[in-house]
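Inspection log for the structure reproduced underneath, given as structure tokens.
Chain naming follows the written order as A, B, C, D, E and F, and within any one chain the residues start at number 1.
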Amino acid sequence: MDTILIFSNLLNPPILFFFLGILAVLSKSDLEIPSPIPKILSLYLLFAIGFKGGVGIAVSGFQTQIVITLAAASVMASVVPLYAFFILRRKLSVADAAAIAATYGSVSAVTFITASAFLEKLSIPYGGYMVAAMALMESPAIIVAVLLYRLRSNESRGVSFAWSELWRDAFFNGSVFLIMGSLLIGVLSGEAGAKALKPFTSDIFTGVLCFFLLDMGIVAAKRLGDLKRAGVFLTAFAILLPVMNAAFAIPLAYALGLSQGDAFLFTILCASASYIAVPAAMRLSIPEANPSLYVPMSLAITFPFNIIAGMPLYLAVINRLWS
Amino acid sequence: MIPVKKIEIIVDELEVPKVLKLLDKAGVSGYTVIKDATGKGERGLRDGDELTGVFANSYVMTACPSESVSLIVESVRPILKKHGGVCLVSEAQWLIH
Amino acid sequence: MDTILIFSNLLNPPILFFFLGILAVLSKSDLEIPSPIPKILSLYLLFAIGFKGGVGIAVSGFQTQIVITLAAASVMASVVPLYAFFILRRKLSVADAAAIAATYGSVSAVTFITASAFLEKLSIPYGGYMVAAMALMESPAIIVAVLLYRLRSNESRGVSFAWSELWRDAFFNGSVFLIMGSLLIGVLSGEAGAKALKPFTSDIFTGVLCFFLLDMGIVAAKRLGDLKRAGVFLTAFAILLPVMNAAFAIPLAYALGLSQGDAFLFTILCASASYIAVPAAMRLSIPEANPSLYVPMSLAITFPFNIIAGMPLYLAVINRLWS
Amino acid sequence: MDTILIFSNLLNPPILFFFLGILAVLSKSDLEIPSPIPKILSLYLLFAIGFKGGVGIAVSGFQTQIVITLAAASVMASVVPLYAFFILRRKLSVADAAAIAATYGSVSAVTFITASAFLEKLSIPYGGYMVAAMALMESPAIIVAVLLYRLRSNESRGVSFAWSELWRDAFFNGSVFLIMGSLLIGVLSGEAGAKALKPFTSDIFTGVLCFFLLDMGIVAAKRLGDLKRAGVFLTAFAILLPVMNAAFAIPLAYALGLSQGDAFLFTILCASASYIAVPAAMRLSIPEANPSLYVPMSLAITFPFNIIAGMPLYLAVINRLWS
Amino acid sequence: MIPVKKIEIIVDELEVPKVLKLLDKAGVSGYTVIKDATGKGERGLRDGDELTGVFANSYVMTACPSESVSLIVESVRPILKKHGGVCLVSEAQWLIH
Amino acid sequence: MIPVKKIEIIVDELEVPKVLKLLDKAGVSGYTVIKDATGKGERGLRDGDELTGVFANSYVMTACPSESVSLIVESVRPILKKHGGVCLVSEAQWLIH
């Protein structure tokens, strides 16, 4: 079973295109997706996943299960950065520890999308509200990390600080806003809207995802060099923390009675690390933090680890536990 | 043609609105912005090749009378201090049309 | 009936995404569609609507009805800027009056597209040649306005003036050209061509429209501030003139025996204001006109008014009259 | 039959959009597809054609026929630049002769794509491995041309020369890499992958091709002016060499027992001229060569000639010979 | 290295072809254009965020001998007068390769 | 504010990585790159409107102490010789923040 999962995952076109992107850089090909195409592809993915999630909620209706899941998601997103921060503080400055903690407390939409494509390939159902869980998990870690930074750092003293800006950046940054907005529109327009948008949001989705992962592969491979600076400690952290988060998430999901599909997505959310919303917020709120640590960690280690090894691993554990 | 000072500021894209507000306050007659500048400096490589263009600079230029330079330069300084960036001042002749 | 129309319209995903764009600006989110994506989305919409219109003509064949409709369209597009100009002259300079007159005499392709999506949602049929009517209505107002400007303005005296450039800009500007060209190709390639292109021009159309309206919402909301400069007179003008144009267009359509769907599209064309072809032509031919008047009027008032309130209003009137 | 072929080709939407692009430039319309959109459209086409080719191979399995075809493709791609070079040397410098020889020895992916769309319209089957043949034919001419240049030119003496760079540019340039990578992924993911990607890689393909050819038309028409510099000799060369290459390719394909569809694609590959991979390589390896000769020749003469007159011509001959 | 004048012209994208033609006529050895400059000036904000990029500027630069400056400047002046824009002239050293 | 030299290099996009490596070697404190410059020069029109943007230039700028100029200029020269391009040097004042 597990081997089948691994193979089924590895032969999935999106994963293969991620590898192709890495290979392009390693073989010094000049292949690249020119800006601003990656940005528009990522807006498309957020738009589509948000809308589909909203339609899912409209179809299933609001249930207590949803409320429980969303609450659990918020809790995990606030707790993870806390304990990550204290682990990181052993080796790093306050600014860097806070920024990396935010990175791992927040989530990666593309990991979530890849995971849901994985579930769809295996015909395992999941709830549309998991998208809401994802959107909800993007911001708390940013707030927590900035709080930690301001409480613990001397550098930050005396510097004027705009809470409103932080708030806006945490909850109204482009990606959170688009996913929440699309989700809401999905809820409002329901199945009628879904029918009109299906060719755009569903049919061509996998293809666009392949293209985006091709670019992710290119960018991740380019960042590999930065990892030398990160050293052994951070490299290990970038693999072990996701696994640890998953180890907390799976029993929690089980205790809360989530379905297998929902539990899997909840786990991947906890295990994933942000490389879009968090860097955007950090350069604003913790400019002292070094982006050439937290960006390559999440992009060049945690992301590939999760989509290649993590996904089949977490799902195998869940399959055992639930059956 | 009248002599003016050309001020060039290279700064994180995100800080551009703030810089432009300062220029407006300093009473410059106009400015020009080129987005999507990449670069390298004290704070490392900013090649904007991140998936979201988060780490890109912009290039801001304004031509102004030499009297305004110190006002502009001093108001921009704290932004450069906090977020990095470069500010260059040079001489030019402005064609009055 | 009318309430149903309004709701059916408001819960339409494209309209909802327009609101989301406005909301993004109001909540100071940094959501934006980076250039040149909006331009390519708009080229796509023109391409698709032109092609589908052409196929529609190929399928239905040429009828006298078509000739009558196109003639009426040309007449309206030439008369509206005339009377608009004399209304505007009471308060404005010749240049500004002429530019705004051109804006309201010409048409908005996206309003037309949104209106035809609205008809499709309500299963009301309309003729493919209405696209030709739209393309035909883009240019005359530009010519009329520039003529008025040159006859009435002192500023324009003595300045060398290239009629060939104006002509080219009125009839061969990118959007008019693409829509006419795609229409012609639709006519030539007929149903066989339509089949091959359907997934691209029809299936994903609504999705792309949503994305584009999201951006329209963002841009319109950013322009809202400019409206202070426009003042009460122009703000009222931007709502009343469309209604007035509709009030002329509906009886005319009725007299000419248009079907309900065609009458609706004819009305929305007369009521709509240009914000693409006209600004491009004005900065060339009437550079003295102030774009921060005519652009926000058409983009931030008339466009939202038409797609939110105008569409259900005009259709309700037409439904009464025709039944 | 032949007249039907010509008409069926001319009324094909992609070809019509190519004409529309030319018309846009001739009528001085300001229609343009802003960069980097053309680049992403071309990446999409390579992605889609590569993937579909790979799936085709996965479905049909490896056969000796494939090996034979690929071998023939490699031979033609190495021989054409050789004899082209010696023809060109009568009038041109070593650098220019080598660059133009590379141009005509290599292939044009868009010509191939247009040709396969043409076959599909006529319901003539062809093998997925023809895509592999195309990818294989992009590089050898570049190597041959640079070798010729280095052996024959005095200018090149003493200048340090990086073979590794040339190699990389010939075999790992973005377009070759993407098409080969996508092909491989198509082979690996097979029919399951194909199903998930079909809406993206197949359904909307013709539409995207239309858009791209619209841009090709614009760019080709803009280059028409450069042709004066090319003179009669090179203009004639740009039409006669493709015909000559086709005259070699058709009997060869017949002798090798290719199917009609495969023979047609093989012929169009030999007849086509590169305007993407080769210019990219030439400016690196033979910077002395004048791009305003080789680019307009391939783009403004050979490409339109092949897709307008060449395709029906070659197919008519093949139809006669095979029947 | 030889001393040259650097002429920088910021003008409506639409006028760029005309400006380049004038530069060609004035016999400059070359020029460089950066599209997609935005800005603010007498004629208000030109932030190019319109749906069609209608209100965008371009940045044109040419390095030329000081003798050519007045010819260029005078031929460009009417365009700037009609459509707005800025023209700056400054000193530079050109690396002859 | 300290006096510096501003070096501007316009060169084939493809050669930019090499130029940046040379700047790094010459020990500059930073640089700024604007991709997608088009232009015209000895080697003809480079308007980047080719389908693949193959013929586009980039604009590279670095502010450095005048001592570094000759080192940079000499190391860049061979690239300009082989692939064309322009290098301008001018005076500026750098705002130390």
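By definition in this document, contacts are C-beta pairs under 8 Å (C-beta built on N, C-alpha and C of every residue); 3 or more make two chains touch, one makes a residue touch a chain.
This structure is a prediction, so every number in the text was calculated from the model and none was measured.
Think of each touching pair as a link: the shortest run of links from chain B to chain C has 2 of them. Although chain E and chain F carry the same sequence, what matters here is overlap: shared residue numbers make up under half of all numbers found at their interface.
Remark: among chain pairs C-D and D-F, C-D carries the greater number of C-beta contacts.
The greatest centre-to-centre distance from chain C, using averaged C-alpha positions, is reached by F.
In this assembly, the C-alpha centroid of chain B lies 19 Å from the C-alpha centroid of chain F. Chain centres here are Cα means. That of chain D falls 39 Å from that of chain E. Each chain gets a centre from the mean of its Cα atoms; for chain B and chain D, those two points are 46 Å apart. Averaged C-alpha coordinates put the centre of chain C at 34 Å from the centre of chain E. Multi-chain contact residues of chain B (touching two or more other chains): 34, 36, 53, 90-91.
Contacts with at least two other chains are made by residues 34-36, 39, 199, 203-204, 280 of chain D. Pairs of chains meeting the touch criterion are A-B, A-C, A-D, B-E, B-F, C-D, C-E, D-F, E-F.
In the complex of the two chains, the chain B residues touching chain F come out as 8, 10, 34, 36-42, 57, 59, 73, 76-77, 80-81, 85-91. By the touch rule above, chain D contacts chain A in their complex via residues 36, 39-40, 43-44, 47, 51, 168-169, 172-174, 177-178, 181-182, 184-185, 188-189, 192-193, 196-197, 199-201, 203-204, 280. Partner chain A is touched in their complex by these residues of chain C: 11-13, 16-17, 20, 23-24, 27-35, 37, 121, 199, 203-204, 206-208, 210-211. Only residues 12, 14, 36, 44-45, 48-55, 82-84 of chain F touch chain D when the two sit together in their complex.
By the touch criterion given at the top, residues 1, 4, 6, 20, 24, 29-36, 63, 90-95, 97 of chain B touch chain E in their complex.
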